[in-house]
Amino acid sequence: MSKICLVIGAGAGVGGSVAARFATEGYHAVLCRRSDQEGLDRLVADIKGRGGEATGLLLDATRDGAIEDLVEKVESGIGPIDVVLFNLGAQIGDRPLAKTSLKTFELGWRMATFALFRLASALLPRMEERGKGTLLVTSATAAVRGNRGQHSHAAAMGGRRMLCQSLNAEFSPKGVHVAHVIIDGMIDAPDTVGKLLGEERYRAIQEQMGNGKDEILVPAEIANTYFHIAHQHRSAWTHELDLRPFTSLPWWNH
Amino acid sequence: MSKICLVIGAGAGVGGSVAARFATEGYHAVLCRRSDQEGLDRLVADIKGRGGEATGLLLDATRDGAIEDLVEKVESGIGPIDVVLFNLGAQIGDRPLAKTSLKTFELGWRMATFALFRLASALLPRMEERGKGTLLVTSATAAVRGNRGQHSHAAAMGGRRMLCQSLNAEFSPKGVHVAHVIIDGMIDAPDTVGKLLGEERYRAIQEQMGNGKDEILVPAEIANTYFHIAHQHRSAWTHELDLRPFTSLPWWNH
Amino acid sequence: MSKICLVIGAGAGVGGSVAARFATEGYHAVLCRRSDQEGLDRLVADIKGRGGEATGLLLDATRDGAIEDLVEKVESGIGPIDVVLFNLGAQIGDRPLAKTSLKTFELGWRMATFALFRLASALLPRMEERGKGTLLVTSATAAVRGNRGQHSHAAAMGGRRMLCQSLNAEFSPKGVHVAHVIIDGMIDAPDTVGKLLGEERYRAIQEQMGNGKDEILVPAEIANTYFHIAHQHRSAWTHELDLRPFTSLPWWNH
Amino acid sequence: MSKICLVIGAGAGVGGSVAARFATEGYHAVLCRRSDQEGLDRLVADIKGRGGEATGLLLDATRDGAIEDLVEKVESGIGPIDVVLFNLGAQIGDRPLAKTSLKTFELGWRMATFALFRLASALLPRMEERGKGTLLVTSATAAVRGNRGQHSHAAAMGGRRMLCQSLNAEFSPKGVHVAHVIIDGMIDAPDTVGKLLGEERYRAIQEQMGNGKDEILVPAEIANTYFHIAHQHRSAWTHELDLRPFTSLPWWNH
C-alpha cells in the first residue's frame, strides 16, 4: 500500500506542487481545497497522468467537524496518513485597522490557527500511536513580525507559529515531526497570490520576476524542500526554516 | 480634569497595582474585571482611601460588544482615555493536546487575542484623532515560544504579540505608544496565579520565594515599570521588554 | 558616600546624558572617553555646575589593561561601582565586504565585544561579592539582525548581545543586573552620529527631525529609561528592551 | 571537471560526512583540518575508496594568511570552489567568567567569527564574479542565546550569525547562497564532542542515545540536509534552519 500525503489547501501553487512531488515519489496524494472542483480535478488528473495516485476532495476547513471528518475518512477509506501539509493561508492584503472587521479578524484565525489546531487534534494522536508521521506547516513572514496593515494576518500567523512549537514540544519525542516553514517572499501561485493581486498585476510580476529570472518562489522548488524536510532522519530534524528568492530582502533586513 | 487610565483585567495582581500606581500619580483609574464585585470594590476603595480617583466596572470581555460599550461609556462618561492596560491572561496550566478542547482553545483566543483586537478597534482611532495615547499589553513568555502543554496559551499569546507589532506599525507614527511586556516569571498574584496553583501550593511558593526573597514578581514593582514606559518621551519609546525576578532563568536559557 | 556610576563611552550623547542623569540623582559620575579632553572637561564641569559630583578620565578601551586599570582605580580611589554603562559603539557606516579590512573588522570586535568582556571580567566579580550592581549595555539593531554593509558592526554587536545573555545567566542570580538596550533609531549625538554623517548632513537631520519633532532619539530621554532600568526592583528586572522614536520603523518591519 | 566542495573543519563528524556526501555526488572534496594528518588521510582514503575525488590539507585557520592562501591554492590548483562549508567550532565547555581568560575569549572569536570573515573576504568576491556559489556555515544554539558558562562560545557564535546575515544581504542578490545552520543538539562526533566530553562519557552517551535510538545527531544525516540546502533552486533559498534529534528539547523550550 502506498504511503499517504494529505494536502490541506491544494491550489495551483505550493499545495498542488507538494501533492505532485510526493505522488512522484510513490505517495498517494490526497488534495483538499475549498472550492473550484474543476481546478482540483485538473491537479488530480495531472498526477494520475504521470502515473501517480491521487484523490481530490473539496473541504471547507472552517466548517465545524469538516477537518475531523476528513481525517477519519482518509484514514478509514484510503489508509494511515504519513505526511500532512497544512497549507491554508489567511493573507487578505494590507488594510488599516479601521478596515479590518471583527468578522475578518475572526475568519483569519479560523483559517490560519484554529483549523491547524483541529487538524492536529484529529490527526496527531493517531500519528503518536503509530510512533511516526510528519506535519508540515506552510507559514509566512507574518508569523515572525507584524507589519502595518497585517492585523488579521499577523495575529493568525503568530498564533500558528507558537502552536507549531507547542505541538512540536509534545509530539516530537513521540516520533512525529512538526515543521514550520516561513515563506518569506512572493510565490508564483495563481490561485492565491494571483487572486490577491489581480490578474493584470500578477502577470506583470510574473513577466518581470519569473520567466527564468527566479525572483519569485517557484512552487515546485518549494515542494522539493518540503519533501526533503519530510524525509529527514529523526536524529536530525528541522523544526523551522525560511525560504525566499535570492533577490528578496529577508524580513529582518531593511 | 484628571487623565484616565483604563485597566482591563484588574485583579489583585498586576492590573490592580497598575491602577493604584497611576491613581497615585493623579490619574483616574478605571478598573475592569469579569467577576468578584467585592474584590473590585476593595481595590477601588483602597485607591480612594489614599486620595486617588477610581471607578470599578464588571466586564465580560468575551461578550459581543462589551469592550466597545466600555470604551464608549468611559470616554463619554468620565473622559478621554490616556492610557489603557490590556491585562487579560489566558493561562490554563499545562495540558496535553488531548485534554485541550476546541472550546478551550477558542476561549483562549477570545480572551487573549480577539479581546485585544476589539479594544484596539474601539479605542485606537480615538487616540489617533487626539494624536496621543498609550496601549500597554501584559504578555507572557508563551508569546515568544510555545512550550509543551501550552497549545492554547501559546497560540493565543503568539497572536497577541504579532497583533501588537502590527498595531504599533500603524499607530506609533500617529503618536500612539504600543508596548508589549513579556512577563517571564511567576507573579505574586492571588487572583490568577493563586487560583491556577491552588491556595496551598501558592502559599508555599510565596513563603519560599516571596517574603523579601524577591524571587517572584512583585506586582507593585511591575507597575513601576509600566508607569515609566507609559511616560517615555516619544523620541525614545520602548515597544517590547521583558520582566523577571533576578533568580528566574530567562526563557531562552536552559 | 555617594553611589558611583561609571560611564565608558561618555560623549555628548547617550553617555554624557546618562552621567548627568545619575549625577542629578546623587551618584558620583565617572566619565570615560577615548579623546577630546576639552569635551570631557565640559561634561564634567556641566555636572558640577549643577551641584553634582563627577570625574573625567581619558581611556583607550582597546589598550591592554586599560579597562582593568580603570576599574581598579575607580574602586580604590573613589569607591565601589554601583552602576556601569558600557556605551562604546563600533558603527563605521555601511561598507561592502571588499571595503572592510581585516583590521577594521578586528577593531570593531575589540571595541564592541572584547572591551565589554574585559569590563565584565574586571568588575562583575566585585559586584558579585557585594551581591549587587548593574551593568547597562547600549546596543544597536545590528545586534539582532545583520544588514547589508554591516559586516563588522553586526558581527561585533551580535557577539555583544550573546555575551550579555551569558553574563546575565551567570550573574543575575547573584544580584547583578545586566541589561541590553537596543537603540533602534538615530540618536541626536554630535560626537558619534554627527561625526559619522558629517556636520552638514547631521545639521540637516537635526533641523528636519529634531527641533521638537522628536523624530530622533533625545539622549536625555534615553537616560531616563536607563535610570529606570538601573533602579528596577530585583523581583522585576528587564534584560532587554528597545528604544526608538515614534516615527521610526522598528527593525522588524519593512 | 568536477565541481569543488571545500570543507574547513573536516573531522570525523559533520565536516568529514559532508565531504563524503558531496564526493558521492561527484564533487571533488577538499578537506581541511588543523591537525591529525593520519585522521585526515583516513577520511580522504575512504572517499577515494568509494570512487570519489578528495584532497586533504592541514590548516591552522587562526594563522595570518592561512585561509587566504588556502582559497588561492584550491582555486588555482584544483579549480573554482562551488560550495564551501565553514565548520569550525569554538565550544570549550561550560566555564564561569572567572575561568574564561582573555586569551580564551579571543581565540574563540578568532576561530568562530574572524576565520569566517577571512574566508568570506577571500572567497565571496570570486563567487560573486562567477554569479554563483554556496557558503554553508555550521552554527550552534549559542548563536541565538547565551547560556551560563558560554561567555566565549556565545559571543563568538552570536558574531558569526550576524555576520552570516550581513554576508547574505550583500551576496545573495548576486547569486551566492549563504546558509546558517543551527545545530541544536549533541552530535555523534568523536573528534570534537568526543574530545570535549572525554572518551568514557562519550561512549556512554553513544551507547545510551545512539545505536539506533537516534537521540544524537548522526553526521551523515546532517550532511544530507546540507547537500539539499546547497542545491536549492535560487528562487527558494533557505538562509537559516535548525537541526536536532527528535527527543532533544529545542533551545527555546524549558
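Labels for the chains are A, B, C and D, by order of writing; each one numbers its residues from 1.
The rule is short, and it goes like this: a residue touches a chain if its C-beta (ideal position, glycine included) is under 8 Å from a C-beta of that chain, and two chains touch if they have at least 3 such contacts.
What you see is a predicted model, and the numbers here were worked out from it, not measured in a lab.
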Q | Same-residue or different-residue interface between subunit A and subunit B, half as cut-off | A | same
**Q.** Most remote chain, CA-based centroid, reference being subunit D
**A.** B
**Q.** Distance between the centres, which are taken as Cα means, of subunit C and subunit B, whole angstrom
**A.** 31
Q: Would you kindly tell me how far, in whole Å, the mean C-alpha position of subunit D lies from that of subunit B?
A: 45
Q) Which residues does subunit B have that touch at least 2 chains other than itself? A) 145-148, 165, 168-169, 249, 252-253
Q) For subunit B, which residues are in contact with subunit A within the complex? A) 96-98, 100, 102, 105-106, 109, 113-114, 117-118, 120-121, 124-125, 142-143, 145-151, 154-171
Q) Where on subunit A does subunit D make contact in their complex? A) 165, 168-169, 172-173, 175, 177, 214-218, 221-222, 224-225, 228, 232-247, 249-250, 252-253
Q) In the complex of these two chains, what residues of subunit B are touching subunit D? A) 144-148, 249, 251-254
